[in-house]
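By letter and in written order, the chains are A, B, C and D; residue numbering begins at 1 in each of them.
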Amino acid sequence: MVVQSMPDASPTKWHLAHTTWFFDRFVLQPLGLPAQRPAYDYLFNSYYDAVGKRHPRSARGLLTRPSTDEVFSYRSEVDARLADLEGSKPSLRAGLAAGLELGLHHEEQHQELIVTDIKHLFGENPLLPAYDTEVAARFSRSRARPATLTWHADAGGIKEMGHAAEPEFAFDNECPRHKVYLAPFAMASRLVTCGEYLAFMREGGYVRPELWLSEGFAWAQANGKHAPRYWLQEPSAEACQASEPRVFTLQGAQAFDPDSPVLHVSYYEADAYARWASARLPTEAEWESAANHVDQAFGVAWQWTQSAYAPFPGFRPLGGAFGEYNGKFMVSQIVLRGSSCATPEGHSRVTYRNFFPPSAEWQFTGIRLARDA
Amino acid sequence: MVVQSMPDASPTKWHLAHTTWFFDRFVLQPLGLPAQRPAYDYLFNSYYDAVGKRHPRSARGLLTRPSTDEVFSYRSEVDARLADLEGSKPSLRAGLAAGLELGLHHEEQHQELIVTDIKHLFGENPLLPAYDTEVAARFSRSRARPATLTWHADAGGIKEMGHAAEPEFAFDNECPRHKVYLAPFAMASRLVTCGEYLAFMREGGYVRPELWLSEGFAWAQANGKHAPRYWLQEPSAEACQASEPRVFTLQGAQAFDPDSPVLHVSYYEADAYARWASARLPTEAEWESAANHVDQAFGVAWQWTQSAYAPFPGFRPLGGAFGEYNGKFMVSQIVLRGSSCATPEGHSRVTYRNFFPPSAEWQFTGIRLARDA
Amino acid sequence: MVVQSMPDASPTKWHLAHTTWFFDRFVLQPLGLPAQRPAYDYLFNSYYDAVGKRHPRSARGLLTRPSTDEVFSYRSEVDARLADLEGSKPSLRAGLAAGLELGLHHEEQHQELIVTDIKHLFGENPLLPAYDTEVAARFSRSRARPATLTWHADAGGIKEMGHAAEPEFAFDNECPRHKVYLAPFAMASRLVTCGEYLAFMREGGYVRPELWLSEGFAWAQANGKHAPRYWLQEPSAEACQASEPRVFTLQGAQAFDPDSPVLHVSYYEADAYARWASARLPTEAEWESAANHVDQAFGVAWQWTQSAYAPFPGFRPLGGAFGEYNGKFMVSQIVLRGSSCATPEGHSRVTYRNFFPPSAEWQFTGIRLARDA
Amino acid sequence: MVVQSMPDASPTKWHLAHTTWFFDRFVLQPLGLPAQRPAYDYLFNSYYDAVGKRHPRSARGLLTRPSTDEVFSYRSEVDARLADLEGSKPSLRAGLAAGLELGLHHEEQHQELIVTDIKHLFGENPLLPAYDTEVAARFSRSRARPATLTWHADAGGIKEMGHAAEPEFAFDNECPRHKVYLAPFAMASRLVTCGEYLAFMREGGYVRPELWLSEGFAWAQANGKHAPRYWLQEPSAEACQASEPRVFTLQGAQAFDPDSPVLHVSYYEADAYARWASARLPTEAEWESAANHVDQAFGVAWQWTQSAYAPFPGFRPLGGAFGEYNGKFMVSQIVLRGSSCATPEGHSRVTYRNFFPPSAEWQFTGIRLARDA
C-alpha cells in the first residue's frame, strides 16, 4: 500500500489519506472544526494551489510515515466527525451537502485509480503477481462473446450535449448543457476486440508510420512499443506473428482472449488502429449523441474520443479551491467517455468527461470506432 | 546561415535547401526527371515518411556541408529545370500546377520561418545583434497608436467555416467547409498591447497560479518565466515593478513601446492573461466568424485560439506524401489564426490554420480576447 | 522495509533478500544443493554478470512481492541449510570456509547500508521521522568534546601498504601488500567538526569558486548546495549567517552540535573545505601510514582521501563471480578510509578500502585533513 | 568555422577568438593596456572564474556574431599590440615573458583541439566530408608497418618523475619533480593496431561484461557501442564478423588499415582491450619511466594510462587566474601521456600530462599496454 510505481500513479495509502483529507479540509474545516493534523495539508494535498504548497507528486511513495495504521486512524476520526454532523442543525446540514457530495464522487474516482495503480505496480514486477482473486474477478476481461460489429447511423444536425441543471450531480466540466451541430456519422456498436487489434499488429501496425500521428509514431519508437501495455510478448516482431501473446491482468498472466475488448491502449494507438480500420475515433459530441444506442458504452473501458479536453461554451468553474478540480487541466489532454470495469457502481453517466494525456496507458482504456456517414 | 539555435528552428541554408528540394522531389522527379543529388533526400527531407529516412531535425545545424554556395547552385539548377518546363506540352503543364502551387505556398511558410529562426538565433547571442535594418523595419513593432479596445458582438447560431471549393488555394486542413453552431459571443476589436500585458505582470501575473492552466504554471516555473520571450529584464521581480523593460527585436534592443501589440507569448501566457482580464481566448470558429469585423486580424501577430488542432468534419488528407503535410500533426497543438508581420504578402486568408504546441514562443504570436455574450 | 528512496539506496527487504541469496547462490548451490527459488537469481542479484541478467537497480523498490514475510522465510531456510552443513564432512566444511567468510563480510557491508539507506529515506520525508531511538543512539553524533587539532608528522620514505597474506580476512582490493614512496607530510589528529565546517560556510564557502574543483562547484550550483546534506536550514544564505542550523539524524531533527564531526559531506565539499583551511585531503597511502597515530580513525566517519580508487600494483581479482566484487568498479570513484559509526563491530581495519563517487553524500562521510611537511 | 558539434567541442572561430583573448586579457591588459572589446571577457572566457561570468560552453556555436572577419581583425590588433611591445623597455619585456610563453603553449593546445573538433563535426555529417587534403595528410593514419610488439622490461625501484626546474617550460601540473616507487613492470614497444583491435571485437569484445569495468560496460551498452568512434559499420554484430569496416578520417572515409594504430578509443575501451589481451594499461609513472625506451611515444596517439588525474606531491598551482589552468580539473579525469598526430611540433615532452574523462573519444587517443614483471 506504500509503493509508487511511477509519477502518475499513487500508493494505495496515499489515495486513502488524500480522500480522507478532502473531507477534512473541504467539509469539516470550513465548518470551523480545527485541523488536527496540519502537516496533512502539505502531505496529502494533490494539486490545490488555493490550499498551499504540497509534497511533490512523484515523491508520494517516499512517505513511509505516517504509517498505514495512522492513516486508517485518521480515516476513522474523520468518519466519526462527519457522522457527528448528522444530528446537527438542518441549516448546517444543508451547507454540508455540496461538499459531501463532491467528496463522495471524488472518492469514487480514487477508488478506480487504486485499481489501476495497483495493476501498474504489479505489472512492473517480474513475478507478475495476482491481486486478490475474488476482487480481481470483477475486473476480469472475460465478457460474453461480442456481437458482430455494426454501425449505428446518426443523422446529425443540432444537438444538445452536456449536463443540464440539478438535481443530479455532475462535475462542473460537464456544464453547461449547450448546442452543437453534428454532421451525419455512424458509431460502432461495440468496442474493438483483442483479436481485431492483433490483426492490426500482424499487418505491421506498429511499424507503418502512415497509420500514425507523427507524435504517436515518435512515442511508439521511443518507447519500443509493439503491443498494448500488459501484453506479454517476446521482444521480436517475428514472435508476434507466430503466436498469441499472454496478457497480464489483476489475476496474473492469462491466456489471450481474442473476443475480449482491447484494453490499456494509448490515444496514439487507438488513433492508429482506427486509421488502419478505415475509420476514425468519435468526437465527444458524437459519442454523447450515440451512447444510448450502442453496446459497451459503460462498464468495460474508457473510450478515447478525438476531442481535446476543452471548456464547454459558457463553462464556469466552481468557486474557491473546487474551481481547480477540473478547469485548470484543459490543455494537452484528450477526452474519454463512458466508464470502465474499474469504475464504481453508480459513477457512470452519459455526460461524464474523463481526460488523460494521449500517452496514458495504465487506465482501462479501449477503442470505439466512428466514421463519416 | 548555418547555425541552428534550437531543435525547433532551422538554419537559413537548410530552409533554402529544403524548399528547393521540395520542388525537385515533388514536382520534377514525378515527371521522370532524375534526382541529381540523391543524398538530399536524406539531408533535406523534413518529415515525409513516404520519402524515407531523414537527417534528425535537431542536427540540421551540423550540416556544414553542402556549403551555402552549393545550396545556391542547387537552387539555380532547380529553378532552371522548372523554367524549362514552361515550354513543354500543355498536358504536362497541367499536371504540374498542383505541385507547383503547393510548393510555392510551402516556400512562403518557410520564408516566415527564416525570419523567426534568425530572430531566435540572434536572441540567444549576448550581443543582441541587429538584422539588416532595412529588412528588419518591415517586422518592426511600431504601428499606429491602437484605438480603444471595443467588443464586436456576434449573435452566433449556425455558421459555415473552412475553405470552400476551388479556384483559390487552401491547404487540406482548411477543408471541407462545414457547419458549426456558435453561442453568442464578443470579440476584441484589436490585439492586446505591451502596456496591457505589463499591467498583468505588475499585478503578479506570473506568480498567481489561479490565473494559469496547471500545465502552464508548471511551464512558467520550470523555465523561470516572468515576462514574454525577448523582453529584456533584470532577473528580479522587483526590477519589473520599477521600470519598463527593453525589448529585443530584429533591429536589436529597443525601448519599450506600450502601444505595440505584445508578441512572442506562449499559449499558456495568452490563456493566463485572458483569465486575468476576465475574458478568454476565442475558439477558431469564433475567430473565423468575426475576423472580418475586427482590426489587426492579419499582418501583425498570429492569434492563439483556445482550439486544439483537429480535423474538420469530413477532413481528407491529400494523397501520397502530401498527405503528411498537415494531417499527421493533429494532436497536442493549438490553432492560431490570422497572420503576422513576418508572413509573406498574399499568404494570409481567413480560413488559414496555423498550429504550434502551447509552449511555442519564437513565432510572432499575440493575444486577441473574446468573451461570452 | 519496501521503499527505495533513490537508485543508489535499496529497501531493507531487498538487502535482507540479497545477502541471503549471496549465501544460497555462492555457498549452498556450488555444493550441489538445488536452487529452490530460481527467480531470486534475477530479483536479488546485485551486479554479478557471471550469474546473469538481473532486476534493474533503480527498480528494487517496485518489488512488493515477494513479501517481507516470504523473505524472512527464505532467510530461515538458508540459515537452516547452512547449519546442516556443520555436521558434514571436514573436507566439505573446508571448501565452505572461504565463501562463508566472504558472505559474512558482505553481509556486514549491507548492515551498514541498511542504516544509511533508512536515514536517506527518512530524510526525504517532510515529517523527519526518528528511527527506533535505542538503536539510533548507537549512531548518535554526540561524542566527547574533541581535543585541539594537532598535526601528526610522518617523515615519509618507502612504506609498505595493503593487506599481507592470511590468516586475517581482507577483500581482494586490499592486496597485495606493496611498497610506496611517500614525501614527508602531516596528518590531522582528528576529524573536522561541525563548528569548523560552519565557519567555512560563513566565509562564503559555497559561493567562492576558487575553493572548489571545477566539477565540484558545478555540482554544488546544479544541486543548490549551501550546507551538508541533512543540515536543516532556511534556503537563504542570510539565514545561514544568522543562526545555527538543526541537523537531521536517525533520532530525528536535533540541535546543532559544533563539536561533533561533520558528516555526510561529498568529496567535493571535503576538498573545498580543505582548500579553505589551507590544507588538503590525504592520499590513501598517507592515511594508512598515519592511521595508528591519530584519533577518530575508526567508528566515526569514513574519511575521503584524495586517491582515486585503482588497483594496487600486482592486484589480482578473485576467480569466478567473486572477481566482480571489487575490481570492476575501479574508475570514477574515490577511496575512503577508516570506518563510520554505522560500521558493524569488527568490520574495521587499517587496510580497508571503501569507495564511492565524489558526489556521494548519504554515507557517513567526514573530513580528515593532511598537509605537506 | 562557426558550428559547434557537441558541448565538448568548440567552433574554430571560437578557438581563434579565445586564444587571442588570452593574450589580450592576460598579457596586454595587466600592462595597463585598455580592454578594447569588453564584451569578449564574457564571450571568450573559457573557464576562468577569476575573470568573471562567461558564455555557457555548450552555447559557443550560437555566436554568429562577432563574425569571422571581426575575429580576424581582433587577432590582427592583438598581434600588432604585442609586436609593439618588442621595442619597449627591457624591464617590461621581462615581465611579459611568462605570460607570453604560457599563451603560446595555450594556443598550441587549441591548435590540436581545432583539428579534433573539426573531425568531430565532419564525422557527424552523413556526407563524411574530407578536410583540406594537404593539411589532412599530416594527420593521416598511414604509418610504416609496425614492428612486432615486444616488451620493454623496467626493473622499477625509486624513480624520479615530473618536471624539474626551469629553464624549459612546463605546465604547473607537471611539477614538482618527485620520487615514486615502482614495482618491476614491462611496457609494450608500440601501440595497439587496428587489426589487433578488430580481433578483440571479433572475439565478442563489446558484449562480454567480464572484460569491462562496470561503468565502461554500462557506457558501451547505453551508447550502442560496438566499434571505436569513426569506424563505419553496418549496425549488426554479424556484419562486423564478416568484413572489415571503413574508417572516417580527415581525408574522408578510408579503407581499413590493420597496421595503423587504433585511434579514438575511450578509456573504457582501452581498459577492456587490455584485459582481453591479458595485459593492463600503464600507470603514468610507469609510462614516464619507460617512454624513452619504446616506439610511438610521441606524435601518433595520446596513450591512456590507468592513473586518475591528481596533483603531484607538493603541487602548487600558479597564482591568479593561471591557477585555474590545470588544478581545478583534478577529479574524474584520466591522465594520457605522449602526444598525437595532431599535436603541434615542439609541444611534446616526456612529463606532459594530458587529461580527459574516461568516456572521451574524439581526441586522437590510442592504447599502449603494460604488464607486471
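Everything below uses one rule, namely that a contact is a pair of C-beta atoms (placed from the backbone, for glycine too) under 8 Å apart; a residue touches a chain by one contact, two chains touch by 3 or more.
Computed from a predicted structure; not experimentally measured.
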What is the chain whose Cα centre is as far as it gets from that of subunit C?
B
The distance between the C-alpha centres of subunit A and subunit B, rounded to whole Å, is 34
For subunit A and subunit C, let me know how many angstrom lie between their CA-based centres, rounded off.
45
Using Cα averages as centroids, what's the distance between subunit B and subunit C in whole Å?
56
Where in subunit D do residues touch two or more of the other chains?
none
Select the category (line, ring, star, complete, other) that matches the graph of chains linked by touching.
ring
Chains grouped in pairs wherever the two touch, ordered by label:
A-B, A-C, B-D, C-D
In the complex of these two chains, what residues of subunit C are touching subunit D?
47, 49-50, 158, 178-183, 209-210, 212-217, 267-268, 271, 280, 306-308, 310-311, 313-314, 323-324, 328-332, 334, 358, 372
Subunit B residues touching subunit D - in the complex, by the definition given at the top:
2-3, 5, 39, 42-43, 55, 59, 61-66, 121-122, 124-127, 129
